[in-house]
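One chain, chain A, appears in both complexes that follow, with chain B as partner in the first and chain C in the second.
This part shows the complex of A and B:
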């Protein structure tokens, strides 16, 4: 992605405008300015739409039912001091970390084994492909039946969600390796272990990291739903303290609608934080990709 | 020329000519000598017809010098359809298929000299050759097959040069497919696959029903699930013979269909605009990036509050997941196009709209289809969750109710059905993509694309 195709026909508007205006700092950049305008407009639309019942008399169809951004901010302010809210954060994070760590610990060796051994691939890959189309969330009830505690069943579903992605990425990365490299290494007398250590592993590492990054996103998707289904679905749960998915669901059941949006944004932030963390780790692991 | 006579060149020269032209690399010297002895030399003047289409094919020819043209019968005489034979090339292979008829007409373009070899003689000699054995006969069979596959051609080029303007008919898709299936059955893959499935099912059966391992014993067993699935009178009311099973499938499919169509109809244009117009991207992309980290399933309660009924929230959630995947991949697709294509089109006088239609859209198509594939996957993913949390019908709902009402075999049936339906729908999208982008598949196969 070296050149931006959109810039060519319009003729580089960035240069012309930046020199003429005398706005301070980052606002000189038209992209940033437009982003601010867009976000402000969206927030105003949301506020006006959400409160349309007050100033218009009738609520607008869709946004009319959404709590307004000001209400959300107020609710959030109240929750900042609530230890239950932070406990939800902590619980969701622990679950994601556990499921994700298990998926990485099992998925990476499994994927590498699939890539290295033709017999293992022939044996295990069709089974993997048979189970993969079943969405991880469809496993929730089965995993509740199987695992002794609810905690373990949620961890298992998170593990499943991340596992498929990581394995597929490892396998895809191994396929990208030029077979001539392997042949060259073999003809120069490299052992199987050497080929694996010096060639396959560094070759696959970028795909492993991409897979992990995607997988973290999926784990957050899964944790929310798993918490909602296993706890929220059956209804009775003790206040807050069951993870952010529980938090959202309980806010819905309890009728405190602004809290729903607080929970959504919190999960968004948590997901963003964890994928940034994974990306930073990936950069540390692969110093040679830092230049890109 | 050893004996000076133009009609009978030296046996060595003939032998060399045969060796170069015929695909029988493994022939022993004796056989080659015998062939060379039996070869007749014939001369043609320009315009002379060597044989007509439909005449009995009994001889094979090698061009020694001069040029001949082979004209197919049923063609309208289009020059591209005929093959040109040059020195060193052999034609008339149909003679090696016993009782064949000429499929084309051979005319000398310039004065030419040919070597004529009798087909039955070649066959007899090759069969008699001790060193040839199976291999060469298989070569021969391959040559004949090539002739059979290309009815317009009665010639196989020598290895020196390919005939100018010859038309090679591509084998039909069904032939390639059958060939691949046959190859697949010859490889260990299908047997390994069956073994893998057998191991999985065996583990399930043994751990749940035979050994009754601690946690496994409460899971539904393999035989119980299969019995329930294919029973005419299922214990829990859901099997392939009950209409309610198909009702669940249809409801889920309908939701996926609506959501996917909406997401594609909106996501592709939005993605194209995001990639194409910087201003549009500046305004819209930040909103995208703010909404995207929020997991789709965190929207469930809000969707229930925002939208009326129980059907709309589910469709909305499914749509949302698909929409992001489609729009973002389309945008990446547009951005992946080499800017020099757009510049070149502009230089050639294309309007903005023309560039959009002929450069941007086809250029982004591979990414769009990747996006659509991801989009189908995430659509099922969020549909199931949405149906499990709030729904009246559908496979996700079936999974959840069969859990709460302790109908465990039905739970497993619903899971597998979900897998099958999900797999089929993503295969459908993949097939549509391959069909729409057959040009790309071809280029990839020929190695012309990165």
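This part shows the complex of A and C:
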């Protein structure tokens, strides 16, 4: 009786008890198990598709032209020891971190100011809305001309990618704060500063976090494209200096197709890591959302 | 807490209050020469058709908006009146709203301790101690470190009333605080509110649609006219306090209910035929 109750709601294995005990601990989590199955299935499909010319006689469209996962793994294995590959990781991560930090540091106060001051909103919002539709990538040439170093122009483009999203989320979040909370706080004698610090700020925090989560994804989209367009670093040989985006472009120019896929997957992992980091930080900042 | 000292406070005198709204040019009279004397320590229940202007009156007392005429005095001090149309908001008049206004990012204990800390009336430590004692007195121990999003709506209302009482208000302004609750939770809320009232003696200005609630809780029930809002009839509820739920089945209760509902029905019908928002009476 008690065993039944304990087993079902946690989603414990329906495999029967003997089967369940053989699984390593983390596979007992159904969502982890599902993820593993899905990734494995995708890999198998990819491998079969990529090698279709060998076992089918004809190459399947699209997947038939893609390097197989085994080829990619081999290429990756070769790159693990290559410092240039890791330098690309480091470079892209620093650029994302810089641009994203600047976008947050400027975007959050800017959004709050837009929300709190009608005067400021009237002044700044039209300009903001005029600039917002310009895609960050369209800024690349201008950015290269304006900023003294190539590094700064890439950071600036990343900054733009994150900035608009963060500002819009802060603005929207501040407008959604229940006016009755403000009335209640005023009744209880809270000063203007305390209303800002204890009401507006925590009230906007969920929107700030959502904005940051979305924005960090955009920064990865932007960093890769910016790096491709800006060209590699000083070295110019193999992968060194350019970042993950340049790494992909360079692999394409050099004709090493498995490396392209390695670069793409690397970016996928990097983006996933960054948004996980942002999400985890957000959760710590907002203990009151823990139950949801 | 100034438990019994509160009994002498909280005399609310509303004199000829007028409130106009002018949405898109059309002048709407929400409150029309409304006069009402609320005795210190009284639970005064305000019933009336939806949209009749009861909340406008409450907002004027709280200081959320001004009056276009008349005056409101609290314990002899003018809150608003000629030359000072809008009352200053202050911890002597705390509102408990229909949907609740607890701060979601503060635990129940932090919510309750908020007022005195803001007013610098207590140190953080004393405020938390007082709040903890208050929760214990109300039988809410064990919920101190939960967030409002984690507790039931009934519990949230009780916490909010404690938060209001922490400010040691002269008058508590309740705007249909139990409207969204189910009947069973409501009756628990009622008994808890009465129990708290017997302990603190705070004057309560209570707006409701629920006639049963009005008679069960109130010393007096004020039936308001359809808009513009003005007392139509003030009914003294001569059922002795302390009351419990047995009162609901007493003959006197049913007589009062019949009497008040007849008056109320008339006004509700007026407001309904004029097509005012919501219309019905619960």
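Throughout what follows, the second predicted complex is superposed on the first by the 232 of 292 C-alpha atoms of A that agree within 3 Å, B and C clash if a C-alpha of one lies under 4 Å from a C-alpha of the other, contacts with A are read in each partner's own complex, and residues count from 1 in each chain.
Just so we're on the same page, contacts are C-beta pairs under 8 Å (C-beta built on N, C-alpha and C of every residue); 3 or more make two chains touch, one makes a residue touch a chain.
Here the structure is a predicted model, which is why all the values come from computation and not from measurement.
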Exercise. Who touches more of chain A, chain B or chain C?
Worked result: B
For this session: Check the residue A:224 against both partner chains and state whether it touches chain B (first), chain C (second), both, or neither.
Result: first
Exercise. Does chain B (first) or chain C (second) touch A:148, or do both, or does neither?
Worked result: first
Problem set entry | First (chain B), second (chain C), both or neither touched by A:180 | second
For this session: For A:188, select first, second, both or neither according to whether it touches chain B, chain C, the two together, or no partner.
Result: second
Problem set entry | First, second, both or neither for A:199, with chain B first and chain C second | second
For this session: Would you check which partner chain A:271 touches, where first means chain B only, second means chain C only, and both and neither mean what they say?
Result: first
For this session: Could you give the residue numbers on chain A that contact chain B in one complex and chain C in the other?
Result: none
Seminar exercise, completed: Residue set of chain B touching chain A in the complex reads 188-189, 192-193, 195-197, 199-200, 215-216, 218-219, 275-279, 281-287, 290, 293-302, 304-307, 334-339, 342-343, 346, 352, 355, 360, 380-382, 384-385, 388-389, 395-396, 399-400, 402-404, 408, 411-412, 414-416, 418-420, 422-423, 426
Exercise. Can you list the chain C residues touching chain A in their complex?
Worked result: 62-64, 89-91, 93-95, 97, 99, 101, 103-106, 114-115, 118-119, 147-150, 163, 167
Exercise. Any idea which chain A residues touch chain C in the complex?
Worked result: 178, 180-181, 183-191, 194, 198-199, 202-203, 205, 286-292
Problem set entry | chain B contact footprint on chain A (complex, rising order) | 1-10, 13, 30-31, 34-35, 37-39, 42, 62-63, 65-66, 119, 122-127, 130-142, 144-148, 220-221, 224-225, 228-229, 232-234, 244-245, 248-249, 251-252, 257, 260-261, 263-265, 267-269, 271-272
